[in-house]
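Each of the next two complexes has chain A plus one other chain: chain B in the first, chain C in the second.
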Partner chain A sequence: MSAPARALDVLARTVAPLVLAILGSAVVLLALGANPWAFYADVLRFSLTGEGWQQTLTAMAPLLLISLGLIVSFRAQLWNLGYGGTYLLSAAVVAGVAPAVFAFLPYGAATLLLLVLAAGVGLILALIPASLKAWFGTNEVITSLMTSFVAASLANLLVKGPFQDPSVSVPQTRVLDLEFMLAYVPGTRVHLGVVLAFALVILMHVMLTRSSFGTRIDVLGLNPRAAAHAGIHVPRMTVAVFVVSGALIGLAGAIDMLGLWGYMRTDWNPGYGDKILPFVFLARLNPLGSVPLVGVYAVLATGGTLAAQRAGISVDLLTLLVALVLFFMVIVEYLAARHSVGRSYLPRGIFKAVRA
Partner chain B sequence: MTAPEIALHLRGIEKRFGAVQANAGIDLDVRPGEIHCLLGENGAGKSTLISMLAGQQRPDAGEIVVGGRTVRFTSPTDSRRARIGVVFQHSMLIPTMTVHENMLLAAMPGVRLHRQAAEDRLTELSSVFGEPINPARLVAELSLGERQQLELVRALWAEPRILVLDEPTSMLTPAGAAALFQRLQDLAKTGVAVILVTHKIDEALALGDRITVLRSGEVAARFGPSELAEVPPAELRPRILDRMFGGTAPKRASGPPPRPFEDRAPGRPLLALERVSSSDRHGGMPIFDVSLQVHAGEVVGVAGIDGHGQLALAEAIAGSRGIAGGRVIFDGRDVGGMPIRRKQRLGLRYVTDDRLGEGIVGQLSVALNLLLKRIGQPPFWRFGRMNRAEVEHEAQELIRRFDIRTPSARAPAGHLSGGNVQKILLARELAHDARLVVLNKPSYGLDAATVSRVHGEVRRFVSRGGACLMLSTDLDELLEIADRIAVLAQGRIVGWVLARSSDAAARVSELMTAGGQQ
Partner chain C sequence: MNEAMLTAFVVAALAAAMPLLLTAIGETVGEQSGVLNIGLEGLMLVGAYASFAVTLASGSFTLGFLCGAVAGAALSSLMALLAVRLRASQIVVGIGLTLAGTGLTSMLYDASYADTRPHLPPPTPVPIGPLDAIPVLGPALSTQPTAFYLTWVMLGFASLWLHHTGPGLRLRAAGQRPEALAAVGGRVLRLRVGAVLFGGATAGLGGTYLALVSAGTFTPGMTHGLGFLAIVVAMLGRGRMLAVGGIALVYGIFVAIGTALQLTTIELSNDVITMAPFVVVLIVLAAIGLKRTRGGQEARPALPPALATPYPPGD
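Right after this comes the complex of A and B.
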């Protein structure tokens, strides 16, 4: 694409739905009797100034890791929708066993073990839809969703059962001592998990765009028959993609527990994946491209929560905003496709995948 | 008599894809009741023009006037409403649906589906072009020939006033093509304007009331009815060829002529099939009990009517199809259950007939498509990291050697014309350490220049000690290139013919039909 065409593409396809959604939310704010100017000013103030930017960066860590997991699988046009349960189960396992692990192992080894454990939980969960898809051709949209429900229930069961802290009446895991949490970047309150998330974004970007593995993923996604014809072992590749995707999402659970929360309650669900999903498509499945978009969401999420409280309106406004982003993406997709502006959000095979 | 009205009037049609100017100001008038042939080599802009008539693309500039009314198609439905029926070269049917459902989709006049009426119409229309097709069958199970028959039925469904056909005979038997031409002439007599897009001059001369020659997206010449009636075809032919290729008319296939059959050392065959049967898991006609041998330096042809097991044979040797019985021996090794990647490394290559669906990844660059089967291999990838300079260099080299016409090595392969896509496949399979290549319908849908180019490459490959198994529905092609021809019917080899024997054509035809009646 030429430079002007690319600029138009970004403007029409990426920026436009965001701006429209923000304007749309402003209308809703007006209807609720709030001042949209003041609200959005608050959003920016709380999320970027003072210590807000540190909070925003911290919020970005799990979002980035989950979006990476989605990007890897979506690029292969494998629709791993098990992110919800994967995140929760990994988080529950890490929160549940962390106190014991830290009691037996030195800090560094324990942290590493917990990160690997979380990635392992994600990996094993991903193996279920992956193997069914690879060897029996079962539609992964359905199996990964079903796996996700089971995993989420299992997470609850663990928190209410073996991992429950007996000293508190609310069902939750033991709260991790502050000294065992992930260390902060010196001089800030941004934990090292954030650094790890950004490092993984760069690593995955290089892997997806420069390596033979990334090329194989693209070939598999764009034309699975050509992939088989070219000698790519499609079942093996399918499993590999799912495993990487699951491990990254699992890692998000560990980083969030060890870096931010320190414990997990039953029926707690931040629903990261559902909120980040439209932004992954806005970024056209490009890891680096997802950073600013995840950043925008993080700004709205951290600043928006506080701003909503101050304005005395429901925090659900955020969900509305995400919904509006999706809504305007649909409209932009329709109009831009008719007038041949930019590239579609959706890889070509998506309809096939949903129908199969 | 009043001047005939114009059924379709195109003025200054332009369409550009990235760096490729597919149509550069095309004017065209088509009258009711005439057969108007659009002639041009691959990449001349014929398919682009059709996709705009079909409402799939919109012209960048220019005007389409149907029956005196200027139209702007925003979807194929608009085109159908304007009573334009289009038969595409590449199937537009939905493989996972039945024949019946596909017809309902194409024909849907309203909300309600008229199942019985659709079934009757299907039987009525399909029997015109050959055997009626069972409406309950899945399209995926049909042979390419049957699919094309179905495409015709679909185009005629709504009784179009303008019927457009893109290379309709490329998958038909000669008898099927003759029947189609008869039917087209009948249709024209009822006042339908027929636009026949072809690269075969003889078809155009035999059938066309008018001929328009396209070259590089422009109209290169027009021949009207008086000219076509008065000038003898032998005189017109070279003139048309000249306009099509602009003075670079194709010569006979280059490369050394094939050596006579007896010259060849009998020796150990490079490829031997011993009573191979394919599994029928993939659908389509499987093969039964097929035995054949291919030696280095030889082209073995496989003739047969389309859908008689060609795909199963090709895939059992080189592709991913499982073998139910028998052995496939390549260079003394049983390669029956071997993964495709290892077969490729041994030098066993396959040029698929489904070039767009399986051969290339349309959205990826020409360069990556040329190296599609060497992803991860040095020197193009080192430690998993792509070396762009090496990839680019190799791609440039192959583009030059195989004369692939592309704006650049980075252009998406899907933007190239059919002939150039085929050159990509040939370059990929033949260029490095190939020992035996299986070619499935290598010249289907290609123009004369590209076909001769393809044949030249095959000859060159074989003369340097390569071996080739060529499956084709075009008997002339096999007679020209192959040394021996096996005839495939109903999934079995029903006989062998020496290609250079004087009565080869007759004997192959005889075997084809005799075998088919079993």
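Right after this comes the complex of A and C.
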């Protein structure tokens, strides 16, 4: 297949699941007595026009960082499923200590410290499944998932305990003063964390596609035994991949707290990781490729929340839509691979075994 | 504590343990066949919603339980098709099942019951005759519905089937060495599809028990991670059904202790109770890993070797 034909093929395989999922959700909307045409028009209107595009860009910041964390680990065929709890615990720690840190340190130093702290929380959490995998070969799917639940409970405990704002009756952390939040890009209401997220996307893209570290990750993902024969220290590489992945996801928690929310409540969970996961695979685990696809989800999430309210339906339609994207992706990729008698362009993660 | 309080304690422990137990039975069978279904949360919610809607409309708990099982099996057929047949990643499909189940039931609830928030009457308990006279346990058992006893019967049958029948052994072979099973004419995919659908049905039943018996109503996201706990229970049970039953009961007792302590001055946060099983499983997995690498007595492997690998392997 020629290069342009191949590009067109990949594009079609990427767009088809999205279109099918949007159509499928339209059927659900019709069944619930809502007007799908008006709903999707609202989605675009609220997410792109007026102030909407700035909200959409802001929503992309944590999503991009979590995508990067997933991409790094999935490229190495390591399933870091700890994203949910990692995000929450990092966010809780940052929201909890931020008021005190800003009281003692100048703004710049405090912000930097909090970002490092969040990445550190993510890193430490990732070390649990990473070291069990590296030393004992324990299946990281289970251990990262378990770590995630422990972290989510710890986040709740912290917010109800040491980090709780005593002046409010509901358990939540102290609301960060606006002057301490991340600054806006001049002339917009988009905070600098968004810029940082985009910068990290480029950095990670270069690292994964142009550095020896990136090559080693890909070799590890293709075949760990071959990687060992090629002189790659597999356990060390496993830990390195998990650590980078965890730190990026932790960073997402800090940026979301310092840039957007300013405080953390108990039992609050935006569930970013689960919802962004299908889009990360659609981007074929390519950091630059994930930008437009994360953008699509950000548009749906930002516009969809208001559009659902206006249509009188639950915002969980978006969760269903994401699930449909995932299912259609698997089916389209399977059919396309069979049709062209070529191998799937989809990263091996989807169709390859999880190593025990 | 007086006897009435102890009875209430036992009832609370059983109410917490049974949905987990039902779900873990199917997950154990699935894991033994080599399929790790991490979409149980979605399957439970679908079962819970379907059974709630049906029982509310028809007044029949039996019909509710049937529909809950069918709904769970129906959604899990996606796992059977996409992961077992088309060999997509079980993890990715499992996450999709959780998303689909959560999204679908929350939307349907919002559209039908959000304003009225209906509740169900408790199901009729099975009369237990003279056993009622046993202190504490008697009064507690006398409030249990048919589903309670059927669950334990199912546990017993599943245990016998898995370890003492031909198909059961073949199913475990599919999780241990699928290529060896295939070489002697076993049908790996058919066994795995069956295990997935059975797991979907019991997860649906687990959700049904939660909605119809334990809670008496449906609320969006009411499983709160119970589906993931069922994976833990199945994993800790390592294919032994009686252990699965025991672990589920221990979990129920802990939940009941947590609830009881809230009546006293001792504060034990719900989060500690939620967190504990996950910490335990991490420690156990680490201990098993340590034992194996130390080269000591060959430990019973924590997980079937072919778990979460598609068959046939390769690209």
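Note that in this section the second predicted complex is superposed on the first by the 337 of 356 C-alpha atoms of A that agree within 3 Å, B and C clash if a C-alpha of one lies under 4 Å from a C-alpha of the other, contacts with A are read in each partner's own complex, and residues count from 1 in each chain.
One rule holds in what follows: a contact is a pair of C-beta atoms (placed from the backbone, for glycine too) under 8 Å apart; a residue touches a chain by one contact, two chains touch by 3 or more.
The model shown is predicted, which means the values in this text are computed figures rather than measured ones.
Superposition note: with chain A as the common reference, chain B and chain C are in steric clash. By the document's definition of touching, of the two partners only chain B reaches A:Asn223; chain C does not. Of the two partner chains placed around the shared chain by superposition, chain C is the only one that A:Thr147 touches, whereas chain B remains out of contact.
More residues of chain A are touched by C (comparison of chain B with chain C).
Looking at the shared chain after the overlay, A:Arg6 reaches neither chain B nor chain C.
Looking at the shared chain after the overlay, A:Asn139 reaches chain C, while chain B stays out of its contact range. When both complexes are overlaid on chain A, the residue A:Ile331 reaches chain C alone and has no touch with chain B. By the touch criterion stated above, A:Arg210 is placed in contact with chain B alone, chain C being left untouched. In the superposition on chain A, A:Ile313 makes contact with chain C only, while chain B stays out of contact range.
By the document's definition of touching, neither partner reaches A:Arg189: not chain B, not chain C.
When both structures are laid over each other on chain A, chain C collides with chain B only at 95-103; the other stretches in 95-103, 185-193, 221-229 or 401-409 stay clear. Within chain A, the residues touched by chain B in the first complex and by chain C in the second are 348, 355-356. By the touch criterion given at the top, residues 210-213, 215-216, 218-219, 222-223, 225-226, 228-233, 338, 340, 348, 355-356 of chain A touch chain B in their complex. In the complex of the two chains, the chain C residues touching chain A come out as 36, 38, 78, 82, 86-93, 95-100, 102-104, 106-107, 109-111, 220, 225, 228, 231-232, 235, 269, 271-272, 274-275, 278-279, 281-282, 285-286, 288-290, 292-293, 302-303, 305-310, 313, 315.
Against chain C, the residues of chain A that register as touching in their complex are 28, 32, 79, 81, 128, 132, 135-139, 141-143, 145-147, 149-150, 153-154, 156-157, 160, 274-275, 277-278, 281, 313-314, 316-324, 326-327, 330-331, 334, 343, 348-356. Here chain B touches chain A in the complex through residues 58, 74, 96, 319-320, 339-341, 343-344, 350, 352, 354, 357-364, 368, 372-373, 375-376, 381, 384-386, going by the rule given at the top.
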